[in-house]
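Following are the structures in question.
Next, two complexes with chain A in common: one pairs it with chain B, the other with chain C.
Moving on, here comes the complex of A and B:
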């Protein structure tokens, strides 16, 4: 029989207001095995913890039950407390009487009764608990960063700076991401390229960083500290080692009609290409969808003109297998497709553009060399209408758009409006807004400058429709403050499209077993206290893959993710979770059910000799669990038809004892 | 009927939800009959939410709504102003005595003075 101590927490008034803590302690003191029961205002406080320690020593407790908040909150705290008093941490059980009782019940009598029942269940479980000792696994001191935008670059630089090798896997031919496409950045108006490209060069030259561009994650196995990752290096048909990035192949390539994705399809590039002048690595890539040689067998000009002999039409995808201790997801965002927003005539007129397209039209390295011209007739627009919240803040039941605020649009629209007025003072600029959201350092001042200094017309209302007519865009909109409908003949309309996570994020999350929200943003381990960690151990989040954010926030999060990775990689060993599956070999019938359901690949089978009757030896196929890989999810224990699989710390007997105690 | 009940009744009939409105004004930006109305689509929604239903029902504007559903189609919040205003019309019609119009009665009642929208509303109401 265990000697159990029960500690009931008030959690201030959080629990005590709806649960009679005195009565709970009193009732639980009468349970079998309980030698001590008390209640206290804040069990998690220093004095509360001291009391637990004292009682363990004084009464020789062999098990402890804490009736308090969710184990997600303070289980680790109380386990540590008990461990410091010499008790095995797995002899501690938490009865959650806050989230499951006081916060969901109003009636004190009902709450008290339920709290007693949950306490009883925890006591019944402790009776069957056995001390568990966590194993240790070594850490591979190397990190993988998935995505080479500003988030990935910054994370990699920070990890590399601490002396650990990092690989950046980027699906495009160059790192740089969305920031490389931007013209200026709010609210300081620094040129995006001027602050980004030095970082790209740093990443390219850092001896601890290896850039695997034009590559994708194929498969991820393993666990924190020990990931095995397969990386597909897509065939770029150019030898990266040999290519000097001279660009001669691009000049000579006869296939010049490929939509240039770097310029949002506003101009064309060649089939063999370097995305932009400051690309890192500065290596040419052949677009297999358009290359004449690859598609028709005729041509081969790039190979002939290449002085470095770098072109290789026979190149194949390669699979690289690498080991990492930590993985950082930095897969970024894209603007949503605007095709469903017919009311703004996006598909009907080339002069209706998305904000990212407008960004390219303003950029000195863009399709117009930085001169703002209408895409349709290459004339200077004199009236520009900006529409905010296109596809953001939509109702969940609406057929198009996202529920969330995309966060960056108010500021970049103010930037676009301001820059337009600065460069072309003869242009009338209208911004239709629902709310102007500027909660950031220097943000509201920036927006006010657009209004006060640059005379941008900010109109509270929304554009209802845009009709292309006679070379103009007829804009019909509401002006809510004036309670009137207005009509503007615009030359260009710019739509602030909502942003969404990159499409590669969802399949990647499946490979990583990392959780996502309904919008495909990666979820963090705790929304406030663990914002850069995924709930899956060893996976970290950087940048907009976790939620909409601007560049300063992305860089801050990238640094935070790096520091979490560094604090993992400096450890030589990791203490594992001892609550892992354990098969009873004598009961296992070798059916493989558990192996099939295990999401972590922790279960294998082996043929083992067993003693049979009359001194014979039987070879039987039995399940073996790798405790370092097992995450203790319990799927195998449910799948096992013979009841051979059990979870240490959550055995079937323990769970049934809890159920019995509840149903008593 | 109490104001609260009236809000509930109109919300129920319309199947929309004025509380979802974020006051963006896209409905009024989309409305082709905007200048024909004393109250505009975004105001319909707000007036129902505010309980100013008598005032809204008394306005001529609600009969000038074309029931073209442009506002409903473009509303990003699924508030569906067109349905809300139609509900106001339905309630107004019922109150006027023509309580529970039967579809069979409609042909006999058609004359040049009946607003087109009332017929459309009645037909749509019985379409299910």
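Moving on, here comes the complex of A and C:
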């Protein structure tokens, strides 16, 4: 029989207001094996911990039950406390009477009863606990960054600066992401390319960084410190080592009608292409969907003109297998599809554009060379209407758009409006908004400058309908402050489309076993205190894959993610989790069920001699668990048909004892 | 057929290919055939029986037999073949120690069906094409073989022997439209109360003889949870209806994904409980949620419940299908 001490915490009034802590301690003191039970205001405080230590020594406790907050909060704290008093840390159990009791119940009698029951369950478990000792696993000192936008680039640069090798996996032919498509950046209006491309070059030249462009994650196995990742290097039909990026192939390619995704389809590119002049790596890629040689077998011009002999039509996808200690997700965002918002006539008129398209129309490297021209007739627009919150802050019942605020649209719309007025003072600019949200350093000043200095017409209200008519866009809108209907004959309408996580994020999250919210943004381990870590150990989050954010925030978060990665990679070993699977060889069938479900490859088999009847020896195939690799997920314990596999610290008997104690 | 099989068995013994032959011999009655191991041609001549009652799936016997000295010959009917492969996948039998002879099979009969057809005092049953010539103490009777088939043969899912060293007769094909889920669909169409009443009426007859478990090739654990006092569900007398229900439901869960639907559980049940319906419900659900899967149909695939692919049904779909459906 264990000698168990029970410590009931008030958590100030957090628990004590809804749970009669005295009654809980009193009731639990009568449980079998309990030699001491008390309550205290803050068990996690120094004096609370000192009391636990004293009682362990004084009464020779062999098990401790703490009735307090969630084990996620303070299990580690109390384990350390007990360890310092000479008790094995796995002899400590937490009964969560805060999140599961006081915070969810209002009636003190109900709360007290439930707290006693949970305490009883924890005592029942401690009765069956055994001391466990954690092993150590080595750390692969190398990081993987998935996504090569500004978030991924910054994270990679910071990790590389600390001296650790980093691979960036980017699905497009070049790194740079969305920021490379932008014209100017708020609130300082410096040119995006001028501040991004040097970072791209840094990343390309840094000896610790390897850029795997035109590549995707195929499979992820393993766990923190030891991930095994398969990366698909898609065939680009050009030898990256040989290509010099001279661009001759692009000049000669006869297939010139491929929509140019870098310019949002506003112009065309060739089938063999380098997305933009500052691409990193500056290597051509053949678009297999359009290449004449690959589709019809006839052509081959790029191969003939290539002086470096880099074109290889026979290239195949390759699978690269690599090991990493940490993985950073930086998969970024895309504007939503506007097909459900046809009241704005996006599909009816080329002069209704999304903000990212407008960005390209203003960009000196864009399809118009930076001169703002209407896509339909290439004339200068004199009246431009900007519509904010297209698909953002939508009602859930509307079944289109997103419920969240996309956060960046107010600022970039102010930027667009201001730049338009700056370059073309003869243009009337209207901005329709629900609210203008510009918190941030220098942000509100920026917006006010658009209104006050540049005379942009900000109108509170939504555009109801846009009708293309006679070369104009008839905009019907309401002015909520003046309570009147407005009709504007516009030359262009710019829609600030909501942003959403990249479509590749959801399948990636599945491969990483990282959790996501309903909007497919990755969830963080704690929204306030662990914002750049995924709840899955060893997976970190950088940039808009975690939630909408602007460039300054993205870069800050990228650095934060990098620092978390660095603090992991500097460790030589990680202390493992001793709560691992353990097979009972006498019951094991050797059937491989457990091996099939093990996501970590922790289970192998060996043929072992067993004593049979009549002094014979039987050779049986039995499972062996590598405790350094096992993460204690428990999948094997439920797959095992004979119940030979059990989880240390969470054995079936322990869990059943808890259930029995609760149902008593 | 019996003569050909006996000849093959003797040939294998005499040529030294094997030193034992796993086959059937008559038990208490001529129709209750029992698995037996033969070591001499004389034994085979005398006792080896292969008839319309050779339904017993003998792949489970290979767990022990394949671990003994020398090679053993086994006769594998198509439905036994799935268990044979499944057991190989589970590393439960040593394939090198087995010489597998595949048998083409056109269905095995059930003495219960013959009795239910009103034929009493049966002393012999001879197969004559599509009919059975039945000798009784009241004289000879006949019956269409299709009316005397075992349930699993009525809905024969496959005539293909997946793995063997040689075939006697022509190897056949799978038949996915065999209608074996028709009965399950009827159960699914019931209200929960009706269904509960149905299963109570069936399972309340259980005498916990464990015959279903003993015969089941998927129930091959070194130590069964029902025999393990530490499991919390160790065998107890069927003291309450909970015990009767639980035993069969837990057993169905334990074999889910590994059950080849050989139908032995129902064949051997002395209380005629249609236990195969529990297993078929699982198979049907898995087929619908994860795509068609036949345990033991190949050597590579993983059972859907022990496999994970990114295309798997989301839990929400599983829940949505639950409840009254």
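Before moving on, here are some points about what is shown:
Operating definition for what follows: the second predicted complex is superposed on the first by the 635 of 664 C-alpha atoms of A that agree within 3 Å, B and C clash if a C-alpha of one lies under 4 Å from a C-alpha of the other, contacts with A are read in each partner's own complex, and residues count from 1 in each chain.
One rule holds in what follows: a contact is a pair of C-beta atoms (placed from the backbone, for glycine too) under 8 Å apart; a residue touches a chain by one contact, two chains touch by 3 or more.
All figures in this text were calculated on a predicted structure; none of them were measured in a lab.
Legend: residue contacts after superposition of the two complexes on their common chain; A:483 is shown touching chain B, with no touch to chain C.
In the superposition on chain A, A:626 makes contact with neither chain B nor chain C. Contact with neither chain B nor chain C is seen for A:248 once the two complexes are overlaid on the shared chain. Judged by the touch definition given at the top, the superposed model places A:461 against chain B, while chain C stays out of reach.
Only residues 67, 89-92, 220-225, 228, 230-232, 254-255, 258, 302-303, 306-308, 310 of chain C touch chain A when the two sit together in their complex.
By the touch rule above, chain A contacts chain B in their complex via residues 343, 389, 391, 393-395, 397-398, 401, 432, 434, 460-465, 476-480, 483, 485. Across the interface of their complex, chain C is touched by residues 507, 510-511, 586-593, 596-597, 599, 605, 618, 620-621, 639, 641-644, 652-653, 656 of chain A.
Per the touch definition, chain B reaches chain A in the complex via residues 20, 22-31, 34-35, 40, 42-43, 70, 73-79.
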